[in-house]
Every structure is written in structure tokens, then in C-alpha cells.
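The two complexes that follow have subunit A in common; it is paired with subunit B in the first and with subunit C in the second.
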Partner chain A sequence: MADYILELKNITKRFPGVTALDQVSVSVNRGDIHALVGENGAGKSTLIKVLAGIYHPEEGEVFLDGVRTVFRTPSESQQKGISVVHQEFKMSESLSVAENMFLGNLLYKGRLVDWKAMRLQADRMLRDLGVPMDVDTPVERLSVAQKQMVEICKAVNRNCKVLIMDEPSATLTEKEQALMFGTVRKLKAGGVTVIYISHRLEEIFDLCDTVTVLRDGAHIATKPVRDVTRDELVSMMVGRTVTKEYPRAGTQPGEVVLEARGISRKGVLENISFQLRRGEVLGIAGLVGSGRTELARALLGIDRMDRGEVLLRGQPVRIDTFRKAIKSGLSLVPEDRKSQGLVQIAAVSRNICMVNMDAAASGFVMSAAKEREISREYVDKLDISTPSVDTETQYLSGGNQQKVVIAKWLLEDSDIIILDEPTRGIDVGAKSEIYNLIVSLVAQGKSVLMISSELPEVIGMSDRVLVIHEGRLAGELARGEATQERIMSLCV
Partner chain B sequence: MSQLAVRRDLKRRLSKFTRDYAIVVAIFLLMIIFTIASDYFLTYRNIRNIFMQTASLAIVCIGQAMIVTTGEFDLSLGQNVCVTSAVMAYLIKFAGFNPWIAILCAIGVGALVGLSNGVLIAYAGIPCFIVTLGFQMIARGAAKIITNASPIPAMPDEIKFIGRGFIGGNEYGVPISVLIMLALFLFFAFIMQRTKFGRSLYAIGGNKEAAYFAGINVKGHRAITYTIAGLLCGVSAVVLVTRLDSAALTNGNLYEFDAMISCILGGISLAGGRGKIIQALFGAIFLMLFFNGMTMLNVNPFVQDVLKGVVMIGAVALDVVRNRRR
Partner chain C sequence: MNPQDKKTNLSLWYRNSSAASTLTILLILLLMSTALAIAAPAFLKASNLLSTARNFSAIAVAGIGVSVVILTGNIDISIGSIYGLAGVSVAMLMKSGWSLVPAVAAGMAVGGLCGLANGLLVVYLRLPSYIATLGMMQIVRGVCYILTQGYPVSGMADSFKWIGQGELMGVPLPIYFMVLFALVFAVFRNRTKTGRRIFALGGNEEATRISGVNTKALKILCFVLAGVCAAFAGVINASKVGVAQPTAGNGFEMDAIASVIIGGSSMGGGVGTVTGTLIGAAIMGVLRNALVLLSVESYWQTLVMGVVIISAVTIDQLRKARR
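Moving on to the complex of A and B:
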């Protein structure tokens, strides 16, 4: 009989109107790195929350180390050895690394806090995991990757048997990701079992031993990673065979619509020049913090550029505010959908008509009926899954939210669309819909500038790829030349 | 979309509707209680008086509600009413201005105070708490300087009708001040619900960054909102001075907080982006009914203040509890 650290048997969790988990049974081998995959809404988060003591299943049993266990509260779950590293870190930003690692679990000497022991222990732990850092630094000054390491240490610090990681790589660069993988492997070697949730399938093949697929709240399969192929995994997740991951428009890029000459911004961008053609997808690759987003912001007048010139259809233009950029036919789907892309508490229809209010107005007066009518049209066109156009966007899934963001720029009918991480944190099915959208945009003669950290996506979608490194243009690769290896070698 | 998801969506919208208009039910309950407790309460004259007393506060509520919709608040509104009252009375009594010109000047001063607030908050980026608290003190000080800390009484007859006049006879007529208040509410409700400007304020209150990334002029809209609120303080001052027939330092006192309480009671979210300004009117009516009824029942006025605090915290607590359950 196999040695299971964790066994879930027939777990069912219902919410009003929806069964989030339907008789799910999963067994996790001791010491494995166990991947949990599925589209958004498949039930991954619900399953984690059951293990974390946040949700309580209506049916089913959990066995931890062979003993039937009930997790009533998050702290109970932690005490019993299950820790979760959430996507959004739960740390006290102004406190030091060491203090955060011991938060709620401080070491004492007598009745006083034993700072010395905590600092030593924190330092040792970070070194052991291969990520040494100054334990006195306030967490707010750390990079995302460093914060994550602190979170992992904090979790492991509590006598953790099972570490659950919820999309740990979503905000990391390739290099940071490699470092994080190293840490996870060291944890495994130290006897910790890891449940690893990710949207990036490559990672699962690199890192994990076993993979469990969930779909629509049901358990589809649990298999050793070496026994499945990527395509099998994708088709298990979406329930159909995805033949071609990256669609192509098959049109030839036309004349130059946007030209950037020598764009510079002190300490951020240095002398970047490029051209974007009509009907072209121009990919921008580079590490997080290399200046990709900053380049977009400078082009769009959000940040001031110190030097440089922008030409639209051959005419020099001065874009010093984002509003001017919009009027000139530029648009931005920002990287952070939740905080920048949408007014989450506003209805789908309000969000769709937020840029081009004139479309639903006559003069100054807006018509709610017209707003709804326009929105329904876009909801149909982009196949946005929402109960109605009056639903607040916060209740939509990530992929549908992203489609709403794109819809508002389609309504504005911008010629040049800048997409910053357009598929971050959305599931495989929605990703391919976004790719199809991009293709239909360029087929209509629009131009797309796509910033992405996912190399396969940049390579698969782009006609050309610009690589940015430390604020400079490190290289330009044509389609066919762009491989993961070549891009990475320019990135670092 | 599954049927279940649609049903959940309907439920959410229904709960939003009940949250928005729970105050109307509360007003009726309050009226029933006071009607039973006091013979005089439900008379035309008393209800009319309540509405006349509500008018000047309710006009300030419009501005506060608009600012609250953008996710901020203005602590200077009450003292803005005070200083514009003083300006108006001073110009009429001591500078020999035509009363109508004086009224325009007072409204202009109100708008100017609002604009200063708005520019410092939106463009200089100083927190609204600091700026509006500062202007509260500045306005109070200026009002003291102008009035020399003593009331300026006896307004000319030609403008008294604004605060004291009725349309349709003194016995059963409708107060002009109440009509002004209602007209302003209708106008600004239209602005908020049906114009690009109003929709932009909701977007800003919902998420300033997302509003910016949708090409909305966030700073400009915020500055204009404070200016409108200031202008309405001027209008409120005109109604108040003509009703009381005096510009005193007590004019508008604590209106900023009463207006915020009205917004909260009405169910407007202090976080911004939600709620309709008409709810602030209901909140203000509730507040005034509450005090009128209490006074009529001879409740100690000091106790009334305590009750005001209790009612406000209670209203928010109810809302918080309900949101948590969802």
C-alpha cells in the first residue's frame, strides 16, 4: 500500500446555487511535489480552502497521516501541519523579514521576545533554502520573489507537513522561478510534501512528481507526471482536444503605424527605438522590471519621457497625457486587471462603456438602455460568460474580466492596442480565446503590442519580438528566429 | 450561463436594492412611532417645519454625497456655510450691496473655498482629511473676522421669501426652500445618474486607478466635485440666512458631519462608487425627523446627541453584518 500523507475522500462542497467540489477524492504521496491543475472555476481554490480550514465540506473525509482529521479554522489547519502560501502575500509590510517569519509564533526568552534567536534562525533558514537575504530589511523593500521566499519560510517554520502553493510563479521572472524551484526541491528533500497549483503547464513537467486534474468541481485524474503528455493534460483540463494553441492571422503586416525613436527616461529606459506595423503583433519580452511596462507607460504619456520621439502614421506627435494617447488611437490593457483594468464594483455594462462613453450618450446625457445594448453586443461577440450586463465585474472569472477590459477598448476602436500580460492568471480555455481575439484584431488591420512574461506565448503570437534588458533594447527577433533560448540569452 | 448563476445574480441585485432603500422603510417606521407617541407630530405644520429645517442641511448633503461617491469626504462644508452666511450678510448690511448681488457673491465664495479644497486635494495630492480640516478652521476664522463674532440680523424683506416663503398660501402652502432643495436634488441626481460627468465620479470612487486607465480625467473631476460641493454650501447659506433672518457663527455648525451621517444612514458606501445621492436626502430626512420627534417627546437634547451616535454606528453595523453574511 502506498504511503499517503494526505487523503481526501469524496469531498463535496456546495455553495448557494453551485457545487464547487463534487465527490472529489485525491491521495497525495508523502514527499511528493503534487501538482493541482484545472481551469479557473474548476475547484482548485475551494479544495485549498477546505484544507486550510476556511471552508467546511458538506460531505467527505480528510485523512492526514492516516488519521481522520477535521480542519475547523485556519489556525487549526496550520497547527496540524498544513500551510498555504497564497497568491496575495499576507505579511506585515513594515516589519522585518525575521519578524514576519515568526509572526504569530515569536520566540521568547523568559517573557521577552528573543530577537537574537529569531534573527539567527531566520538567517539560517533562508541560507538553507538557498536564498540568503538581510533578515532586518522591512518586507516592503523586498522584491516579489523575495517576499515569496519569506512566505515559504514562514509557512515551513510552523512544523509544516504539507505546503500548499497557490500559483507561486504567476508574478515571478524566469530566473526567480528557477530559484523558487530550487527552494521547493530543497523542501521536498527535507521531507515536506508540496501541493503546487499552477496555470503554467511547463512548470509541472519541470518540477512535479504527480498531477491531479480538476474540472468543473470534479476529479478527472491523478497520474504520475511522467505518464502524461502536455496535450493530454490540456485536454483533460478543458475537456476537449486543443489542437493549435497559438492561432495565426496569416496576414502580412502593412505600413508602419507607430514609430518610436530614442525613447529615454532617466534610470528606466535608454534610447529605445522600434516600429510597429499595421496588422502586426509585436511581442515585448524581458524580465519583470526590465522596462517593458515602463516603455508602454512612456509611449502612452502616463510617464514623462526625457528624450525621444513618437510618430503615428509618419507624423510626429506629442503625447503627454494618457487621455491624449487615447484620442490618438492608442490603448492599454494594463497588467493588473483587478486594480487597473476594471472598476470591480461597477456593472459589466458600465465598465465596457467607461472609455467610450459617447457611444452610449447623446451630448452629455448617457442612456443606460443604450449602455446595456452595446454591452450585450460585446458580451455576445467576445463570448463573455456573465449572468447579465448589470452584474458587477467582481463576480466574473479572471478570463471573463479580461475580456471585459478588452471589450472597452474594442468599443473605443483604437488602432494600436498595447496588451500588458494579457493572459496572466487566466485559465487555458480563456487564454486561447484571448489569442483568437488578438488574431481577429490584427486581421482587421489593427496593431498589437504584446508584453508578456510567458515566452511560449510571446513566441507563438508575435510576428516580431523585441527583447528589453535593463531599459535597453537588447535585440529584435523575427518570427522563426525567436526561441526561448535566444530570448533568454538576450534577457540576462 | 446556468440557471443557478442567474438566480444568484438576481439575489445579489435584490439585496442591493433593499440596502439602497432600507432607509425609506426606516423613515416610515419612525413616523409611525412618533405619530402614536405624539398628537402634534403628524400635522401638516410640523412636517412642513421639519422639511424647512432639513432644506439647508440637505443641500449640503448633495455635495457631500457626491464627494463620498468619489471615495472621499469634506470636513469644511459646515464652516463653508458659516463663512458664506457671513459674507452674504456683511455685504448686504455693511457694504450696501444689492441683496441679489450679495447672494451671488456668497455662492461664489462657497465655490471658491470648494475649488481650493479640490485643487489642493486632487492636484497637490494632499489627503482630503488634512485639506478640508484646514479649510474648516480657515473658514471658521474668516467668519469670525467678518462678523466680529456677533450675529448679523435683519435681512431685507425682498429676499426673506427664500427661507420663509410658501407657494400656495401660508396655511397649507409648500415652502420655497423645500422646493429649491428638491429641484437641486433632482438636478444633481440627473447629473450623477445620466451624465458622463456623474458616471465618471462613480468610476473614480469605484477604483481611481482603473478610472485613470479608462481615460477619465480623475484629477479634474475630483476638483470640480469639491467646487460643486462648495457652491452648494453657498446656496445652503442663502436658505439658512433667510430662514433664520440672521448670519451667526452657529450657522452650518456640524453640517459636514450631519451630511456624512445622512449619507451613511441613506446607505451610500463610504468606500465610494456606490449609492445614489437621493439616499442622502432620505438620510437627512430621517435625521431631522428623529430629532424633531425626540424634542417633541421631551427627550433631553444631550441624550439626543448620544442617540445620534448610536443610530449612525447601528446603521453601519447592520450593513457590515449583512455584507459579511453574503
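Moving on to the complex of A and C:
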């Protein structure tokens, strides 16, 4: 007889026009780290929100510790022992670590706040989880990883039985991730059940005991992790067998289109030189904060470079604003599509025509009809799934949002495209579409500079890989030479 | 498309579209007007309607200007002072012998310069716009007092009164100016590249910058436009009264901003329409007229205006929050 802490039975949640969860039944073993995977739009977030008391299902029942339970509000769900660590942290930035950990749950001594007890308890908890820090620091001064730890502590602090973590590793470096895994394992040892949502399949095999796959709002399978392979998991998620993850065949790059000589920016980049050829995918690997993104920003004139020279097709050019970079045929798909890539409250068509406005304008006057027409063409071409081109981009899934950002630059028809973390936080299906797109771009004679934290992706897609470490070029590896081990040894 | 989808689309449209927002406040305006027409039939007299419209046209013109700044997610509370300074400047220039057109052009240029100062402070000193324009509000008002030594400016040539008191085919000129500003700005905002970029900037400044838009220049332009519009509104007002008061426009910025907010613009930026602002100004105008027609004590007028601002915005919020 299995011991379930949480049982969901035939949960159905409908939204106007779409069934987000369709008769989903999942049972979670007490004390497990239970992975929840699925493509974007599979229903993971909806399921979490049902457990968090944010959404109320039309049908189905939830049993917590064997007792039928209804979560009417988020605070009710928390009281009953379910805590969620969201991707976007919900903390009061100017308050201290200790105060945040007890927010909404302050300790009192009589009628006054008991600061001493809270600070002690916070300190002990952080130590127990292997992440000691100064509990008086304002949260705004912490790194992303530290903030996450505080969020976890805050969640656990409320007599938490089930901790739900929504893509906790998305913004962490490898080292921070290892630390976070340690914390999660300690929680498990302390009797907490964890529901762990992630797009990175590798970490599921590292960390989790059981895995549940959702697809299109339906429950596909729940299995012990040791009984499935990575490929099985992927095909359960996408509903078909993904034949080739990286569709890259070795090509013969042409002449040098961009040459960087001695790019330097004080404290960030030091003397970086490289060449990019026509029809080439040049991968840039390195830890988060090593200077990868900064290199792109300096090349593109977004940040100033202190020294260094850029040559385009052999001609020296001075790119000191991003507008000049665009005019010179460079473009950037930035790492954070929400804050840098899209105007979320604007329609798909408005976003697609944001750079190359001339395509949809006659003289200085824009034509909305032309904007829509162009956008429909790109929506078809890139297979962007959206109700219409007038839909605001905030309603699209991550993968489709990313395609809108790419469409914006395809319309500009730049020769050199810099992609910064092009597949972060998007699902397996959309990933492979983006890979195919990169392949077709270089086949057309364009050049791609791809910055990525996912080593298999860098290795699978690039003709050459540059490794950046602490602002310097740590090495250059040709296709075939680049392995995860060699890149990592240059990274650290 | 099955009927359910259609219904869904309609309710989604109602919740999200700017047109629905405009429609909602238009309905509020019509309801108010109907109620007033029943309570005070004099409201519907052509002369009353025209003078009401004339009276809110200055608010509308300044509102249209400041709505562009609000569209970027910023605010300009110095427009009341700019309104005052423009009236004073034009009056003083005309008194010293300038003719109408160059004097008004100079007055609008003064407004534009104040806007430029606002823009530079916000963009290059990175002051929050509320603080930059709070300072400018005092500075510009100070300039008004220094120029006039606190006395009203009067004794201009009769042409000075033309802008605010003139009529064309029985309709007061300020109404034409209001319509002209509305048309020009509607086309500018919705159909030009610059206009679309302002919307994008308000929606996400960083993404707009990384689309190759010179966001600094764009923001400065918005403040300049707000300054120019406020200046013209100030000229309309001074001309209507026939005297330029150095205190003119004290508190006027709040009326103009209120008309923008009632009109459905988001203080966060990226959302809003010119039509909405126009209707917002009309709501304020009709309300003022109502309180006069119903002979409500003037102290109560201010209170009621506040209630209307809060109610109109609340109704709009409810519309968006509908599930």
C-alpha cells in the first residue's frame, strides 16, 4: 500500500476556449522529489495554481494526507501545508533576509515582534540547509541564487508538507544549481515532499525520484525516474519521437564577415579577439557572468568598449550605438525575452514590425494592414502558435514569444545574428524548431553567434566554440574537439 | 468559429481592447449628460453646449499633450506652470508690439523649451519624472512671478482675444483648436513610426532600445510635446479671459492629467487613446457645467470632481478585472 501525501483525482480546469487540465490524476509519494515535466502549455502551471489555491478546478478532487481538501485561496493552501517557490520571487526587496523569511508569519513575544528569535531561527535554518548568510542583509543585495534560498526557507517555514518549485534552476549557474540540489535533498531528508518543475531533463535524472509527464492538459505517465530513459521522456512530452535533437551537419563556412580585435571593457572584458565567417554558427560558452553577454553588448554598441576594433567584411567600423549596429547588419535576440525582447502588452504584429518599421510604412506613416500582412507571413513561416496577429504577446507561451523576437529580426534581414540563450525556458518542441531555423539561416549565408549555457546545445549546433572565462577568451574549440568536459575545464 | 469562441473573443475584446475602454467612458459621459438634461433642461441649449465645450477645450489640449508623456510611463506635473508662463509670455510680447501669430509661436516655443528641460532632467540626470517636473513646476511658476512682478498683464491689442473668444460659423474657436490637436495627435500616435515607438517605449523601454530605437531622444520629444500643448492651452485661456494672470493654471495640471486617466490611459504607460482623453476632458467639463446649472455650492464642486475621477477609473478597472 503506497503512502501518498497528495492525490489528485480527475482534475479538470477549463478556460474560455481551452481545456487546460483534462481529467488529470496524479499521486505523489510521501517524501519523494517528484518531477513534473511537459512542454509549455502542457498544463504544469495550471496544475500548480490549482494546488496553490489560485485556480479552482471545475471537476475533480484533491486529497492531502488522505483527507479530501479544497484550496479556496492561496493563504488557505499555505495553511494546509502547500508552498510554492515561483520563478519570479515574491519578496520585499528592502527588508532583511530574516524578516522576509517570516513575512506574514512574524514571531511575537507578547504583543511585540520578537526580532531576536526570528534572527536566530533564520540563521539556524539557513545553516541547516547548507547556505549560511547574514540574516540582516536586505534581500535586494543578494544574488539570484541566494534569493531563491530565502524563498525556499520562507516556504518551508510555514509548516510545509509539500514544496512546489517552478523551474528553480532556470537562472542559476552550475555551481549554484549544485548547491540548490543539496538544499532540496536536505529538505527531503527532513520529511518534505517536493514537486519539481523543470525543462532541463538532465537535472531530473540527477535529483528526482518520480516523474510525471503532462501533455496538452492530459496526464501521460507517472513513473519512477530509474525506469525511464531520457529519450522516452522526450517522446512522452512531445508525443512523437524526436529523431535528431541537433539538426546540424558540418558546413563549410565562407569568408570572414566579422572580426573583433582586442575588445576590452574595464572590469568586464579583456582583449577578446575572434573571427566570424559567412554561414557559420559560432558558439560562445562560459559561466553566467563570465562576460558572454557583455561581449555581445559591447560588439553591438549597447555598452561602450574601452579598447578594441571591429571589422565588418574587412572594413573597420565604429559601432557606438545599437542603431548603428542594426544599420551595419547586426542584430540581437536578447537573453531575457520578457524584459528585453518583447513589448508584452503590444500585439504580435506590432512586435514583429518594431525594428523594420519601414517594411510596414509608406514614408513616415504606418499601415496597420501591412503590419498584419507581414506578421501573418512570419507567423506561418515560423509556425508561431497564436490566436491572431492582434493578440498581445504576453498571452503566448515562452517558445512562441521567442519566435516572435526572432521574427522581428528576420524581417530586418540582418546578416549577422547574435542569439543570447535562444532556448532558455522553452520546451523541447520549440527548441528543435529554433535549431532548424538557425540551420536554415546559415544555409542562406547568414552568420550566427550563439551564446548559451546549455553545453549540449553549444556543442551540437556550433562550427566552433569560444569559451569565455572572467572576461577573457579562455579557448577556442573546433567542431569535434568541443566536448562538455573540455569546455567545462576551460570555464572554471 | 463556433459560438462559444465568438463569445469568448467578444468578452476578451471587451476586457483588453482600448476601444472598449473608450466606449465605456463614452457611455459614462452619455449617462451623465442624459441625467443632467433631465435635471436641468437648459443644459441642452446650443449656447450652453458650445460654452461648455469651449471651457474644456484648454484641458483637452493640455491633456492630449501630457497623455504622450503618460504613454511613456512618465508624468509631467509642470504643465500647469507652463500654461501660466505661456499666457504671460504671449501677453507681454503682444504688449511690446509683437503681432498675434509670432507671439503665439514664441509662447509655444517657451512651452517647448520647458518641456525640453523636463526631458533632459529625466533622461540625463535620471530623475524620476515626478520629481523633475515637480521642481520645474516651481521654477516655471517662479519665472511667471518674476516676469510680471505678480501683476496680471493686460492692455493687449484686441487680436489677443481672438484665439479664446473668436467664433467661426457660430462655433467658438477653441473648439476648432481642440479638434485640430486631437486629429493631429491621433494620427501621430497611431500611424507614424515615431508614434508607434512611443507606445513600444511605454510597454517596455529596454526592449524598445534593443530594437534600435533612440529611446532617450524619444522621451525628450514627448516632454517637449507636452510643453507645447500646455503652452497653447495657456494661450487659449489667457485669450479667453483677456488678461494673463501669473497665477493662471495653478492646479490645472491635475485637471489635464485627470482627463487622461479618466480617458483610460494607464499610468504605467503603453496604453491610451486620444479619443479617451477628449472624452475625459468632456466629462470634467460637463460635470463643471452641471454643478453650475444645478447651483451647487462651489466648495462642493471640487469634492465632486474627485469622486468622479475615482469612480471613472474604478469602473474601468472593474471592466478589466471581469472574469
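Note that in this section the second predicted complex is superposed on the first by the 490 of 492 C-alpha atoms of A that agree within 3 Å, B and C clash if a C-alpha of one lies under 4 Å from a C-alpha of the other, contacts with A are read in each partner's own complex, and residues count from 1 in each chain.
Simple rule for what comes next: a contact is a pair of C-beta atoms (placed from the backbone, for glycine too) under 8 Å apart; a residue touches a chain by one contact, two chains touch by 3 or more.
Treat the numbers as computed from the prediction; the structure is a model and nothing was measured.
Chemist: Sharing subunit A, do subunit B and subunit C clash or fit in the superposition?
Modeler: Here subunit B and subunit C cannot both sit on subunit A without a clash.
Chemist: Regarding the shared-chain residue A:Asn29, is it in contact with subunit B (first), subunit C (second), both, or neither?
Modeler: In the superposition, A:Asn29 contacts neither subunit B nor subunit C.
Chemist: In the overlay, answer first, second, both or neither for which of subunit B and subunit C A:Asn10 touches.
Modeler: neither
Chemist: If you stack the two complexes on chain A, which partner ends up touching A:Asn436: first (subunit B), second (subunit C), both, or neither?
Modeler: neither
Chemist: Output check: A:Val343 vs subunit B and subunit C. Expected answer is one of first, second, both, neither. What do you get?
Modeler: both
Chemist: Kindly classify A:Ile326 by the partners it touches after superposition: subunit B alone (first), subunit C alone (second), both, or neither?
Modeler: both
Chemist: For A:Ser385, select first, second, both or neither according to whether it touches subunit B, subunit C, the two together, or no partner.
Modeler: first
Chemist: Would you please give the residues of subunit A that touch subunit B in one complex and also touch subunit C in the other complex?
Modeler: 16-17, 322-323, 326, 332, 334, 339-346, 350, 354-355, 357-358, 361, 364-366, 392, 408
Chemist: What residues on subunit A touch subunit C, complex-wise?
Modeler: 16-17, 302, 321-323, 325-326, 332, 334, 339-346, 350, 354-355, 357-358, 361, 364-366, 392, 408
Chemist: Any idea which subunit B residues touch subunit A in the complex?
Modeler: Against subunit A, subunit B makes touches at 1-2, 4-13, 194-197, 199-200, 202-203, 206-207, 209-217, 273-274.
Chemist: Can you list the residues on subunit A that touch subunit B in the complex?
Modeler: 16-18, 322-323, 326, 332, 334, 339-346, 350, 354-355, 357-358, 361, 364-368, 385-388, 390-392, 395, 408
Chemist: For the complex, give me every residue of subunit C touching subunit A.
Modeler: 4-5, 7-8, 11-12, 16, 187, 190-197, 199-200, 203-204, 206-214, 270-271
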